[in-house]
């Protein structure tokens, strides 16, 4: 078969966990789903476990595998480094990739501290390459519709935001300690879940100027992993609530909890404007609830189903209502990344944006600790 | 027909607006629906408009009418004074009734200032009579079920509360000024709507110890009433958001807005415990949403319909799922009041409780104004 | 107090069960809620148990009580006879009332056989009085909105109807036999529940021309009442399904079951037109779900809340979203009845209409028994 | 990289439309998502348009492309032939593949006539190979849970089925004629949509013994394609409704319409048992609604979210509530197909099962045409 005349884009993926495979699927599916302006090549996969790296490379269609991620980064055929390792490795890997002049696609959160995030952003600026961070929920076509409605003024002036990202995977006090329970690994409900919601709030409404917050560790100790009878102390937040003041004048509330029983992926928000209201829940990711101020007695919240009228949907399915899944949001994220690499868009959260998300999360932490309003720009 | 051997209870009702009629219906329906321990007599109805007072008295089944509410209070056959007038009249009427040794059933909010509320509470203590305030939403049988679940420990330790009471009746910037826009009449979204939610939060979870808050007047002026071209300045809040810390350790968020398009009676909350979650929305007042931590993969939020298994429901309908309406919550409120008068219960929000609600609302106002955390007991 | 100058309308109510009290409440509330063109007097209440009749008369505000319903009918001060007794008594009572020239308000179903229904209709025609039958669900203001939408052509030409009325009160095979299990008392799911849905279908879409159906007795025997170990044979249907062809060309399905676990009052339907769809469920009686064909990608089902824009609602509450209850549908039914008595409307299901409902139910029974399509006019 | 020691399975895919790409994605994703017992090779892709075949082959990762599908079938490296062409081509392609001894994976409907379906089934039996038909909705993990509940007796004896598959893509009378409007291409709402629901009903409840039905062509003509002013006559059904009698004794209703405004993929059903009820709607494909008969007053419908407790889900995402999409149902379908090819399962609809679905659809057509009950085995 003839070779494509498009330029090659060599992907190097680090990590073979849930997110590693999600990236692999997303690269494959972006290639099959969209007419990309590059010849996307799954060039190399790295995992510290050489056998696993090789096994996954074969199963996922990568040409090469590495036990040493530095080899992957230094391979000249790798143009883009995708990082899906535990949080504390994001910084060293991204710094190395940027140093080597590679574009970087890093899972969220960007870093385990604001200082790290600052350093990574500086390195990205210096390298002058494209970076993207995996706040995948904002690539949902129906979220794109929400953003269009907000930006076009369809809801009037935006005046309120109520957001909550709750799950229950730590709801059982016997759920064991894990690295997510360590501050040093960017653990806690705020970092793990809340940061997604903060990124979404910024994506839809822009800058947040000041915050006041309340954080709590409900279960101060948890069993060690692996059925050990030992108890480990927990220092990170189980739940965090905040008041938000947006630069555009909107006010609102924020919540994140990993103790809220019944919720599995409840990234939800409601945005109020002077002419309408919209709400969304990631647990029904193909629906947007919209109210437009209208004729009394005939008005009501409308339930809009995802469909091909929203950018990005049609490539997966020509018919509305057929439902995208979580993994397809990653595919859309990869498409946006490729488009950015080809200069077709500047959309999508890069290291600069991810730094702002970290700054905001840090401001919330300070506000909760010091029990006072905090101006985000002061941290 | 033989006369009842039960003692008479003479009702004197002041006010003939929406709430006046709601009370009249509630008294009638309580009599027909429940086996009350008194012979409930609709004795007198007062309205400053004598003709209206007489017309309504006849239509609503009252024996007498008055243009002067003080005559109603001084009538010895009146045992209970029900007050449904505009907010600023609650205090003088209740004070007069208490002075006369009458039981008082006052619409919410109790008063237009914390000082007034304190004076009314003192007078009630001194009079030693039964008082009740119209926080009717807590008489919903399914709210009773929610409270039982919380008190019995079915949800475990309560750790979170997210509540919002939003409507949209002031959502249009052209909605005219009314007395509800005056602080001196206990206007604003916090007083008008939020106080219901604060009363509900206290009913379900008990004392709130400290608050931080943010209030905003979005539309700083509105047209005067009656189509006048004149604009009036607005000083009360259009929306107020707060963080709450409960005495039982729970943390959470609070919101009230009368600008939230699409909502008509959205008194809603979600309460999280260490073993389950429940949520409620007054716009579906016959439903409770409940999640009990259970077997993974078979668990899910349950939608419980109101029915005769919940105290108070069966008197209206022997079959579940047939739906109570807003007015029937008033009927249940009247039943609780009668039971209190007969010493059968001490349940129900009295002036002492309503004072606590006012104190809490005031703390939220102070916190918003001074942009700091406020201990409720300090106000 | 001055007497009203309006003409008196003396009510005579027979029966003191759930429906008896529902009627009493409805008469009282209609008087208080609406400006009726008559002076509605609760004149007499009859129950075979004299003591109960007297007790209820006092509690419900009736002036007189009777153990003998014939005395009630013959009382010249009684203008309207309301019948809430078990089904097999509807016919003799209504016939006597009509014979006496009284208006009749009879609970559904009209009769226990088609022959009875025919006789009652003939008597009503001969008497020339107003009759009404308690298909109360159609008095819901939001159902009125639905009907307006259909009649105004807002949904285009109506082409489909899917309706189901299911409950689960006989779902447990150990639920004992009752008179509702006897054909001779108009028992079975079709008569008890389905007739409400047939009345609703006719109210909204008009005549049904032909039907095909399938009926089943799932639990062929049930325990006798009162904990008796004896089993009784059951001959009536537990569930009935049908195909419907409407005179207006619409096609659809019908279901009624008293075995459908989880449903408590699931009178539900969806009506499809060439320009839109609407659906309703009595378990959320204050909501109408509406879809209007519109711009792709921005359209979706709308959830309309009951409110004062719909005729009849405002009298109960000036604010939308505050929810009417089941009992208030009876109040609206009484208002329509009074208006009919005063010649202000001819709306509302009378004996002629109730006869058509019985004819339709009979056609469904014949179709099920003979396993063939049946033209409704042939029965 | 070392080669896999697993046996190769060469895929030959015919068709490059929406379904062709869906198959390509599904094969790729099955390889990456599951540990398959074969080395799945995307060997060849065929499309009558040679350039398109080549373009798609490259984009989708196939090694070869063909303009002539017969070449694809005769290629010895092709073990499995996947057919995604228009319906009338299913038969000749499948017959050729079976003749060549290849396994066949054919999109639904199997054929454009019952005779064709019979011939294809006979050929499959003679060839002795694995066949599968694309009734993908039944591969949804939460449908698997539903089936387990039914088979385990958790719902008791199954007594009712209400199902409807409605969409609105032909709802506008100006939606033009297409091949889906031709009987000869297995057009009409019953064949296009209804057959999915019939397959689902059989998957969950087994054989259907007899049917009665009503079919209607609402819009008897439609514009020709491409903006032509010409009108074309339409003979296929716009909506079909039926009564169903299952071999297990359950009774119920069936509906399919492509005119039902507001619905985009409303494959929905409710199944009633003597101990519970479950319902499902493909427009919320990650949810199952379940009611288990329980303690009065605490019971209610439960909303179960898809999650890793259900077979097949975890491979896509380790966390519940993250939502699978439509395309992932195809991936699960491919996994079941591969497992069948490896003798690991006999599950999944094969040509024998698809023939039964065609027989059932034919029985419904006969019943509608002759307006009588039809025993399915008689057609």
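Every chain is named by a letter (A, B, C and D) in the order it is written, and numbering of its residues begins at 1.
Here is the rule we use: contacts are C-beta pairs under 8 Å (C-beta built on N, C-alpha and C of every residue); 3 or more make two chains touch, one makes a residue touch a chain.
A quick note: this is a predicted structure, and the numbers were derived from the prediction, not measured.
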Worksheet item: Common contacts of subunit B and subunit C?
Response: A, D
Discussion item. Centre to centre, using CA atoms, which chain is the farthest one from subunit D?
Written reply: B
Worksheet item: Quick one: subunit A and subunit D, Cα centre-to-centre, how many Å?
Response: 34
Worksheet item: Using CA atom averages as chain centres, what separation in Å is found between subunit C and subunit D?
Response: 42
Worksheet, complete the sentence: Per the C-alpha means, the centres of subunit B and subunit D lie apart by a whole-Å value of 54
Discussion item. Residues touching two or more other chains, restricted to subunit A: which are they?
Written reply: 263, 299-301, 305, 307, 320
Discussion item. Applying the document's contact rule, which stretches of subunit A touch subunit D when the two form their complex?
Written reply: 1-2, 4, 18, 21, 24-25, 28-29, 31-33, 35, 54, 57-61, 63-65, 167, 169, 263-266, 282-286, 305, 307, 316-328
Worksheet item: Can you list the subunit A residues touching subunit C in their complex?
Response: 145, 288, 290, 296-305, 307-310, 320
Response to the item:
In their shared complex, subunit B is touched by residues of subunit A numbered 159-160, 162, 164, 168, 171-173, 212-214, 216, 218, 238-239, 241-243, 245, 251-253, 255, 257, 259-263, 272-277, 291-293, 299-301, 371-373
